[in-house]
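One structure, pasted below without further comment.
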Amino acid sequence: VSGYLQSLFGDDVVDALLADRAHLQRMLDVEAALAEAQAAEGVIPAAAAPPIRAAATIAALDEAALAAGTARAGNPAIPLVEQLTAAVARTDPAAAAFVHWGATSQDIMDTAMVLAVQAAGTRILDRLDEAADGAARLAERYAGTPITGRTLLQSAAPVTFGLKAAGWLGGIERARDGLARALGDARVVQLGGAVGTLASLGEHGPAVLEEFATRLGLGVPDLPWHAARDRPAAVAAALGVVAGTLGKVARDVALLAQGEVAEVHEAVAPGRGRSSAMPNKRNPIGSAVAIAASLRVPGLVATVLAAMPQEHERGLGGWHAEWEVLPELLHLTAGSARAMAGVLGTLEVDAGRMQEAIGAGGGRIMAAAAAMALAPAVGRQAALEIVGRAVRRVDAGGTTLAAALRDDPEVTAHLAPADLEAALTPERDLGSASVLVARALARHEARRGARTAEAGTQTFVDRGVVTTPSGPEERRG
Amino acid sequence: VSGYLQSLFGDDVVDALLADRAHLQRMLDVEAALAEAQAAEGVIPAAAAPPIRAAATIAALDEAALAAGTARAGNPAIPLVEQLTAAVARTDPAAAAFVHWGATSQDIMDTAMVLAVQAAGTRILDRLDEAADGAARLAERYAGTPITGRTLLQSAAPVTFGLKAAGWLGGIERARDGLARALGDARVVQLGGAVGTLASLGEHGPAVLEEFATRLGLGVPDLPWHAARDRPAAVAAALGVVAGTLGKVARDVALLAQGEVAEVHEAVAPGRGRSSAMPNKRNPIGSAVAIAASLRVPGLVATVLAAMPQEHERGLGGWHAEWEVLPELLHLTAGSARAMAGVLGTLEVDAGRMQEAIGAGGGRIMAAAAAMALAPAVGRQAALEIVGRAVRRVDAGGTTLAAALRDDPEVTAHLAPADLEAALTPERDLGSASVLVARALARHEARRGARTAEAGTQTFVDRGVVTTPSGPEERRG
Amino acid sequence: VSGYLQSLFGDDVVDALLADRAHLQRMLDVEAALAEAQAAEGVIPAAAAPPIRAAATIAALDEAALAAGTARAGNPAIPLVEQLTAAVARTDPAAAAFVHWGATSQDIMDTAMVLAVQAAGTRILDRLDEAADGAARLAERYAGTPITGRTLLQSAAPVTFGLKAAGWLGGIERARDGLARALGDARVVQLGGAVGTLASLGEHGPAVLEEFATRLGLGVPDLPWHAARDRPAAVAAALGVVAGTLGKVARDVALLAQGEVAEVHEAVAPGRGRSSAMPNKRNPIGSAVAIAASLRVPGLVATVLAAMPQEHERGLGGWHAEWEVLPELLHLTAGSARAMAGVLGTLEVDAGRMQEAIGAGGGRIMAAAAAMALAPAVGRQAALEIVGRAVRRVDAGGTTLAAALRDDPEVTAHLAPADLEAALTPERDLGSASVLVARALARHEARRGARTAEAGTQTFVDRGVVTTPSGPEERRG
Amino acid sequence: VSGYLQSLFGDDVVDALLADRAHLQRMLDVEAALAEAQAAEGVIPAAAAPPIRAAATIAALDEAALAAGTARAGNPAIPLVEQLTAAVARTDPAAAAFVHWGATSQDIMDTAMVLAVQAAGTRILDRLDEAADGAARLAERYAGTPITGRTLLQSAAPVTFGLKAAGWLGGIERARDGLARALGDARVVQLGGAVGTLASLGEHGPAVLEEFATRLGLGVPDLPWHAARDRPAAVAAALGVVAGTLGKVARDVALLAQGEVAEVHEAVAPGRGRSSAMPNKRNPIGSAVAIAASLRVPGLVATVLAAMPQEHERGLGGWHAEWEVLPELLHLTAGSARAMAGVLGTLEVDAGRMQEAIGAGGGRIMAAAAAMALAPAVGRQAALEIVGRAVRRVDAGGTTLAAALRDDPEVTAHLAPADLEAALTPERDLGSASVLVARALARHEARRGARTAEAGTQTFVDRGVVTTPSGPEERRG
């Protein structure tokens, strides 16, 4: 909604792809591809396509008139087709007769939406790869660094910061894969004409459909899907999982950056995260962006799902509800991915504080380990009670868990001093943490290899836009 | 998000109030009012306020730098204060020291948000009054016009179109009242300083707060509410009830406008509701807008509610989630109210078709009335079965309900022919419809009187903006 | 959904009110009140009402048959009326003819829903009063206890724990008032017959409506509201604001109870908040319940809002969507209120830890105060930079904020040592905290007085149920 | 929430799988499998596993005590483990020491949740296959049956009812595939111990994890996923797409069943869809169920997404929010699938009414076809205007579109009478409808073949439950 907030909550590249002018150009590209496909299949005269392609440039449009026409007609395709027809007529009145031939507004708007989703979605996948790389570097570097494990917001038992980062890594990679899959499924054109029968194309319907799709680098759906919205809905849902996953990472970072914890901090940069009143503060801005996205995205996903029951051949209101919501989902998820790729890539980690915190609290954090050391002898529940008693003594003050346990004959009857000490050593209580981290990193490496191999082979996205000389330059980089 | 869709889904006046420049000016007005209040109470030098007020104009700001600064600092108030400070310093370096004195970013942003909500909300109330007036005119004009009553999307029994419109009227008025009340409750400034203690104002805190509120025409809250978001949440929720209520009206209109029903139509206007391919269509665009809003608003309300648990003195992410969502709620609800005020004010009603449809179906629609006429004699459930049998004969073809009932000795044993005929007359089956309509209209008239009486007395809204000579002209109209 | 989770997430009293048997009895009570009202107005024979009242007891119903009948008929009122009719017929066949006279299923179900909402809602109000009382006691007791103020999850500047609690208090009271108001607005019967015209009541419609409402202790609506759902929607929305407000309190408590902070703890009770594996943990269970509710309630509110556009005289699907969602909203909000009333009423507060934390960090927390002390001399932004420099020296280690500032000639040039020391004293940086707390407490006291005065005067809620001898005992307590 | 509504909104088989007793048994099965896996790997004594398996039966549990314990402890696993431990101790005190060894409550609850999701999800897939088969039969049978195509709730141009059904088919199949994929991805155990390190299993962690998964027929995740909720979130999202897709079918059916349209009806069955007051009504109950689900599911999906940012190693509140919401999502989606499988399998279709409706309206529905016939000669936009003029004459009354066009010299100048007549013949305006239907049916057949081939090979789901002699019988059917 707001221009001055766009860069904070979004990603500049994705926002450029979603900008009004870029999107209107995309609709024009779709009209041009349609004319070319129909000319190729003999549905319209061959001579009609070049003038339509030539006129299909945003520079020729009157955007204010378009906005007014949209409010009047009820969708932007109608005034856009009128303006395009008039532009073609100025150079070739005969060709003007064939603008938007056999199509309905929704054919153009949905296909342009697919192109936008693919273009923005691909960029989000890249940002998620960056974020995963950042998490992987943290997982590797801190694979052996103990940190307080925390459950239900209470200090619990030791983990490693590497394991924590590996958990972030796994979530990001899976969410990325889910999005990639949903994008792949949704990579199809929309073309059905007024009611989905391709009636105006006579027997050429399937051939035009094929040609139209090829020219845009998109796939051919079995059937028009004007009122069957599962594909965009599944993309929206996948974006929801991405935003939630990034929100989890952001929440962890923000909690670890609290003054009392201070185990990590978002990187310092000039002017970044300042307070307007408190020079002692360094606000975790990247996390704020991702947390805000994780709060806003679910409601938008719900909107797309709630809008799915669209009436008959093309719906009233449900389809309209998607127009701004899908771009907003892309915008917010892209912003979240951008923010967290930045946070993970530059996170400041204070391994010393982590170590220190584990030692604080009189060794309380080793209580579970102590109980498990006792359990084979006295049973798990009895062990929990014995150690619980010792913890209460620690809480009452003046002793440590180690001392309290050494004082307890129910403990010393079963555990030799050396075994007790071993049980109370955080570094020996990390279980399979390093194995689990290694496993996550191995999978990450395998994925990176696959990514490199496929790089440069993706030519399908927003090709109609990219091959148009009038396309905005930000989409060429 | 999109400029060319804004007029379709929104209301131009509300959108102007919510525009970037208008809102930045509002933040500047809040800074100016703060300085003046502090000068008045002796917290800052009296001479500091006038230069701050003078510099507090959007024309002096570099909006591109503001956007960049927002992305860096994490909120727009920080770069805005920097620019304002620099602007003041150019004319009065001493005064520049006192810009944003004792305030935190959220004080400015929340107070500006309150002003925007009040300004836009007041406009929405007006639009709802228009919509109510439209519904009232329909209720009055068609109080005696029978129409098929429909339940669970099935033809049921006769009602009047006036009663239907009175139902719309009642919903709109109650939703309006709920919004007015929530707006009233939320009409308070935000001022607490860094952590809500007004620490930098020494003992002058309460007095400055009072003065600040007076200057902005707003109320004084008991306490700062940086992380207690019930007031904006209640406004969001009230907007949700408004959008749902208008969505109900829109859905009814759209269903009545179906080709097979055709009892009402949205008014024709040049270019309005055309199809890009079908000259026979007249799309109910106003209803599409309101239905789309009724699908989008609930997710946004849920977002505001989900964002309420904001941490400690000022939250991370939850507050940020509100920034764009509250304006979007105002935009969409305003657009829905604008659209339905238009639809109701100009609705084309075909009373003939309504009458005709009641007669169609062999009188099936009178089945409930027939059963109730029989029920005193045979019991309600037996009567339902007898008439159900007759309905099945009508459905099998070749007879009417009247004939089928006249043929049935179980009917004729209990009902004289004249009584049966009376029971099958739609006009005699309207129960209390006219009384109910009259009651609704009487209440509407009483409310209109009250509205007229209070007109012109509302001076509280966005006064800080309105009294500022630099305010953008669209807010003056 | 799950029985063994009900007591964790709910409130036993409210859950008893919402239980199947209680609610079916409520529907029967509504049928009885309807018969009595119609008998009183001469619409049905006077002799018909007593047998209907007598038979209208849940003990007479076959609940399994009712469930099967509901799945078949599409709503529970139809099989319930059938069973009630059969039960009446066993004692008085003539009276059986008049069961459910002139009503539609939705009349019964909506009116019973209103009674349930009022009964449960009143209980939630009581729980919120308890929670408010708990917050008020904390605000009073700790009005002078400094605690670290935290913004954007960073340590910021001192506040008092009393002010924090006063903030909770204010939110709870306002959310409570909003709920009370929405409940008041929704306290009306539903009665319209098949299509809302009261057709079967002839000219007695309004009189029966009045009598029916009086007997149930409810109000009379202008019009039937079968498809105008603003009243229940506004109640749902108000419950959403309540759940969000309690979620904020819960989040604060959970954050303050973190191991590294440990400034408050939920009260210990046997078995409460244990871990299944870690004897050192004490999970903040009450807060978990309220946070979970604050996550679940927004989606349910959105559902109620999204379901508002119900078709024509009575809708298909939208109404059905409310049946389980409204009770779930009451259940979850009641559980949250119950949990937080408990948490606030018994919270363990460690004022020593609060004090200690303020002193930690080398006095960094006083940075804003130091800057404000310098600002009159050097300007606000310059002061922020000077103090920021000192903070960075503190962060680099080996010094305190006080020492760093005393070392800086730009500070000493403007601030005398005593003034600097004063500026760095947390107790002198609390601004208007105590005034604000006093204000909040005064308002709370006034409200308590009003509550006491009105106690016992509320006789309107679920009276139909309460006056029925067959009502389940849990509703009598 | 309510027992008597369960069969209406749910599916009895799925509801039995989700019932309290079945789910508690599932948790016990998980505990038993854990003990066996640990015994097999030498982590606990081999002799400990059989008594644990033997005692792990719901019949041995005190469910009331469990509910009370859940409210106290904060989750059901804690009292369940206590009861299980006591039960084992009664026969083998030594074995009792090893109950729940090395596990945390969430390990048990999440793994049981996975089993429940898989069992219920598989059933939903089956129901969707049934629904798809029903849609396919309709598509095949009515491939050549013209019906009014409707867009934006207006009559538009002819389609076939077969194409409409093929559109339903495609949506259902794609939504089913998305759910199958999400279920496949989520088919992994949860096992990490207190903080996800498998600390209590020493070096045996990975081997126990493998063995545990094998015994339950589930996969092994890279890492514990206690606070990485993408897998259940993706299942929830896929259920959302399913519910939305079914909602679209239901809305179409309900609209086609309106009295004025009456082109299809839900099948009649005794007592099904009756009104409590109107014998002429036949309510589309199946559609009501699916529409209600499509309104309720999005809010629940949003809840699961909003709950994703769970703190650190195991979260507070977010995880708790899932416990009842995931089962509710399965319940509602299963109910919707059950209802629509029934509706589609038995739909009554009135091809005569469909044909009739196309002819009604003076041939208005052929306007787009007429315009396209004219367009090659005069241009698309001019053709739309010429035909629009004729449509307005039809609307004014007394003529048909054919006559109006034959009267217009701008038409006759370009179109021979035979060409005009051809253009106005609905059967010649169906474009590629039959090709598209054939394509959809071919894909459906291919899928059916694949389904048959894989039938009987799925042994992975809820095996822990199925292999337990104590499993409730409804899960065996």
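Letters A, B, C and D mark the chains as written, and numbering starts fresh at 1 in each.
Throughout what follows, a residue touches a chain if its C-beta (ideal position, glycine included) is under 8 Å from a C-beta of that chain, and two chains touch if they have at least 3 such contacts.
Please read these numbers as outputs of a predicted model, since none were measured by experiment.
*Asks:* Nearest 5 degrees is plenty: how much rotation brings the CA atoms of chain B onto those of chain D?
*Replies:* 180
*Asks:* Across the interfaces A-B and A-C, which one involves more C-beta pairs in contact?
*Replies:* A-B
*Asks:* Roughly how many whole angstrom separate the Cα centroids of chain A and chain C?
*Replies:* Distance between chain centres: 34 Å.
*Asks:* Give, as an integer number of Å, the spacing between the C-alpha centres of chain D and chain A.
*Replies:* 24
*Asks:* What parts of chain B, by residue number, touch at least two of the other chains?
*Replies:* Correct list: 100, 104, 150-153, 156-157, 193-194, 200, 250, 254-255, 275, 277-278, 283-284, 288, 291, 294-295, 298-299, 301-303, 306-307, 316, 368.
*Asks:* Okay, in this complex, where on chain C does chain A touch?
*Replies:* Answer in residue numbers: 148, 150-157, 254-255, 257-261, 275, 277-284, 288, 298-299, 302, 306, 357, 361, 364-365, 367-368, 371, 384-385, 387-388, 391.
*Asks:* What does chain A use to touch chain B in their complex?
*Replies:* Those residues of chain A that touch chain B are 1-9, 18, 20, 23-24, 63, 66-78, 81, 100, 103-105, 193-194, 200, 250, 254, 269-278, 283-285, 287-292, 294-296, 298-303, 306-307, 316-318, 320-321, 323-325, 327-328, 331.
*Asks:* Can you check the complex and tell me which residues of chain A touch chain D?
*Replies:* 82, 85, 93, 96-102, 104, 149-153, 156-160, 163-164, 166-168, 170-171, 174-175, 178, 181, 185, 193-203, 205-206, 221-231, 233-234, 237-238, 240-241, 243-245, 247-248, 250-252, 255, 291, 294-295, 297-299, 301-303, 305-316, 368-369, 372, 375-376, 378-382, 429-433, 435-436, 439-440, 443
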